[in-house]
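Heads up, there are several structures right after this.
Both of the next two complexes hold chain A, though its partner changes from chain B to chain C.
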Partner chain A sequence: MKIQSDKSNLAYGVQMVQRAVSTKNTMPILEGILLEAQNNQITFKATNLELGIICSVSAQVLEPGSIVLPAKYFGELVKRLPDISIIIETNANHSATITYGESTITISGYDSEEFPVLPEITNKQAINLPADLFKNMVKQVSIAISKDEARPIFNGILTEISNNGLKLVATDTHRLAYRSNTFETKLQLKEIIPGKTLVEVSKLLDPNNPVSICFDQNQVLFQTTNVSIISRIIEGQFPDYTQVIPSSYSTNIRLETRAFLNALERASLLVRDSAQDKANVIKISTSENYLIINSNAPDVGKIHEKIPAHIEGEEIKISFNSRYLIDALKVIEDEEVYLQLTGSLSPGVIKPVSQDNYLYLILPIRTV
Partner chain B sequence: MSERKIIHVDMDAFYAAVEQRDNPELKGKPVVVGGSDPTRRGVVSTASYEARKFGVHSAMPLREAYRRCPEGIYLPVNMSKYRRVSQQIFDIFLEYTPLVENISLDEAFLDVTGSQRLFGSAEKIGREIKERIRKEVNLTASIGISYNKFLAKLASDLEKPDGFVVIDRSNFKRLVHPLPVKRLWGVGSRMEEKLHALGLRTIGDVAQASPLYLKKQFGVAGEQIYMLSQGIDDRPVVPEREAKSVGREITFPDDVVDEEVLLATLMQLVEDVGFRLRRNKCWGRCVTVKVRYAGFETHTRQAQLFRQTNLETEIYTEAKKLFTHLYDGRPVRLLGVTVSQLTFSEEQQLEFFEQERQKEQALAEVTDLLRQKYGRPLVMRARGLERKE
Partner chain C sequence: MKITEKLIQVEEQLSKLLSEVQELKMQVYALEEQNETLRKKLYEKKDTGEGFGNLARLYEEGFHICPAHFGRYRNEGEGCLFCMSFLKKGESR
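Coming up: the complex of A and B.
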């Protein structure tokens, strides 16, 4: 293999695939990036066997071929190369020599034949979405993904495609985030995509380009102009989330998102420092036209917040983990939110006032 | 380091007072809680101050109480009610400090050293707590405040009922030294007799004795009572939640080989551990099983759960797995279960998609209530019943 390219193309390709490079030292070759040169482009590939990323950039291919180079050295080197024309040429012993101006560096690599083959997605049925929309959907839902690895289905986002569009749902069993987007499609499926994959995908997507998503057996493929991301999907049955979405409420509170968020952040400052209260418990109650937040950490202090709100229905007293409320308010762009409650032991619902495509359910804390 | 400030709160004739509170007809009358039929076997749990005038006191056989006070009103023990009221009172304490050591349903130590910046002096906190118990729970408490646990407890007893006493360095000698030696922590009737025989009748007498002499007479206990008589007591207020583990083991009267019996016993041990975890509002994440064979050879095995629990079913599932791994068929002398890596929380985050767990929890709450009311497991799992007595 021998190619000639400018520095920025190389750096872009490496940067795109680097997120899929394995950091666990199980197979040394997975710590490398596969470079394939043909048809005037160079394709970078990396995989940790869960997530694979492929990125192609244009280059002058003087001799087609391929090699695997260790990401750690190759990646750092490419970043530091001068901004001139670069030549990469493979040698007989699975090493590559990189020539920049009068200087050269030779790096040992691996035989590209040994690099795992990334699964081919043959299914051509895909949905297409503007990348910025998809990124926003993922951002709003991923806050509820469980960090506990004991139950894998909760480490993913349920991706439900039906004739009325796409729904994303995530839950850690304490809260649940739901986001929908309506469009027409003939596809019908329900899969759980690992949360980590979606977070990576969001980072890699160029907001100005559309993204296409398609599923095939145990894999999902995200494609945008020059990057493809393949990930395994999580096996298992996601519980019926529709069951837990309340159909009514007894107290409806409308208030300013920002004011609510600021008050919660102040209230949880106190609890966070108190070793006794790891759960960041705050008490919420209503009084005429105010939402009251109380939080008490005996050895630190106490706080009493009063936020103007429109309140309809029953008076209420309820305790929540403030962190769960804060997470939701941070991803809602609306100036106002509804907080809808039904007694102190049923899930509360947070949703933006002007849109009905987002729902965030949060279970209260019971004092035992 | 600033001087410690310890509050001892002791409810006045607690069970009887709760009954009098809830039934105005009982006010001013001799009420004895312990059993509704004083001609039957049983002991007095609590006697109201009116009943105490007749010489009725707690731990006295009911029949004896009845002999002394036939006009008394005898009531059964309503544990779940007292527990509820107790919880209400303890919730007040926790607003002032997390360092609450509950001795029993009606008695607790509070370390308020660090709370003073926020809530004012220990004396102010004590007054406030006393007032809130009166207003919010409608009961009276005796409060003792001092710079250690021993003196705080003495103080709460000095002006009982409805007392409020502060012992500080300036009044310590005047208030404490005239008290009889049996008020020293650790002095039982035997030691009291011996102290009397040595001519030591008051705490002041002990304070003037030679510590070496006391040590020679009573060993470590002698040193201890000397320290206490000087008003020295370093014991910290330990919230029960800080316990490291909750466990239970049983030594069989005869070695057991029947695996069914062993598993049934295991279930019973687990039920007890689960009950105690829940009572202390603890959740644990590590389960340990201990097996001692006839030859005293002991094996333990432990495993981590994927989430914390205090439910029998979840503990038992793990304990059974561990036991099955450990057990090699030899006769077993001792079997034990421990749950560790505890976290204490009065708050429980509710969960979606956990109907099974919620059912278990509801079941546990009911069996706990029954157990508290009747003092023994009244309802048990079928597994536990299999054990042949």
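Coming up: the complex of A and C.
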């Protein structure tokens, strides 16, 4: 293989696929990036067997061929190359010589034949979405993904496609985030995509281009103009989330998102616990046209916040983990939100006021 | 004579034993009877929601009762949406 390219194209390709390079030492070749040169195009591939990324950039191919180069060295090197024409040429012993100006560097690599073949998805049925919309959907839902790896289904995002469009759902069983987008499609499926993958995918997508998503039996493929991302699907059955979403409420509170978020952030300062999974309990109550937030840490101090709000229905006193509330308010772009509650033991719902496509369900904390 | 006396003694002991066995037999019979009735009562209760009560108690004691996490320990103070919806469904039945 012999190619000639400029630095920016090489750096772009490496940067795109780097997220899929394996960090585990089980298979050394997976710590590498596969370079394939043909038809005036250089294709970068990386995989950790869970996620695979393929990115093609144009280059002058002087001699077609392929090689696997260790991402650690090749990636760092490409970033530091001067901005001139660069030639990469493979040698007989699975190494590559990179020539830039009068200087050269030789890196040992691996035989490209040993690199795992990335699965091909032949299914042509795909849904197309604007990338910025998809990014936003993932951002709003991924906050509720569970970090506990004992139950893999909760590490994923349920992706449900039906004739009403796309629905994404994630839950760690303490809270649940749901986002829908309506469009017409004939596809019907329900799969769980690893949450980490979706977060990575949404980082790689160019917001100005559409993304196409298609599913195979065990894989999902995301495609944009020059990048393809393949991920495995999590096996298992996602619990029926529709039955946990309350159909009614006894108290409806409408208030400004920003004011609520700021007050919560102040209130949680005192009760913040360094241990992530420990509850940061804040108490919420209603009084006429105000929502009152109280938090109390006996050895630090206490805080009392009063936010103007439109309140309908019964008065209420309820405790929440402030971190869970903050997570949701940070991803809601609407100026106002509804907080809908039914007694102090039933889950509360947070929704944007002007749209009906997002819902965040949160369980209260029992306090004595 | 001595042997006759001894035999009489043995006979007395045997009849004592026999009466004890008879007494025990009656007691065992009564216990078996009682056991049967209690068992019947227990099953009757289970049919009318004892199982649900057991699950509710398990949840109270800090364990998951939802299919996804069944039997796993819950973090203290943090509920589970799926357990709660299950409990709700049971209560409204």
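Throughout what follows, the second predicted complex is superposed on the first by the 361 of 368 C-alpha atoms of A that agree within 3 Å, B and C clash if a C-alpha of one lies under 4 Å from a C-alpha of the other, contacts with A are read in each partner's own complex, and residues count from 1 in each chain.
As a working rule, a contact is a pair of C-beta atoms (placed from the backbone, for glycine too) under 8 Å apart; a residue touches a chain by one contact, two chains touch by 3 or more.
Note that the structure is predicted; figures quoted are calculated from it, not measured.
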| item | value |
| --- | --- |
| Fit-or-clash call for chain B and chain C when the two complexes are aligned on chain A | clash |
| Chain B versus chain C as contact partner of A:174, first or second or both or neither | both |
| Partner chain(s) touched by A:248 [first = chain B, second = chain C, both, neither] | neither |
| Which of chain B and chain C A:239 touches, first, second, both or neither | both |
| Partner chain(s) touched by A:182 [first = chain B, second = chain C, both, neither] | neither |
| Which partner reaches more residues of chain A (counting touched residues only), chain B or chain C | B |
| Which superposed partner A:347 touches (first chain B, second chain C, both, neither) | both |
| Contacts of A:366 with chain B and chain C, given as first, second, both or neither | both |
| Stretch of chain C penetrating chain B in the combined three-chain arrangement, among 8-16, 26-34, 44-52 or 62-70 | 62-70 |
| Set of chain A residues, in rising order, touched by both chain B and chain C | 150-151, 171, 173-174, 176, 239, 244, 279, 281, 321, 347, 361, 363-366 |
| Chain B contact footprint on chain A (complex, rising order) | 148, 150-151, 171, 173-174, 176, 239, 244, 274, 276, 278-279, 281, 296, 298-299, 301-302, 319, 321, 345, 347, 361, 363-368 |
| Complex contact set, residues of chain B against chain A | 94-98, 114-115, 118, 281, 306-307, 343, 345-354 |
| Chain C to chain A touching residues, read off their complex | 64, 66-69, 72, 75, 77-85, 88-89 |
| Residue ranges of chain A in contact with chain C within the complex | 150-151, 153-154, 171, 173-176, 239, 243-244, 277, 279, 281, 321, 346-347, 361, 363-366 |
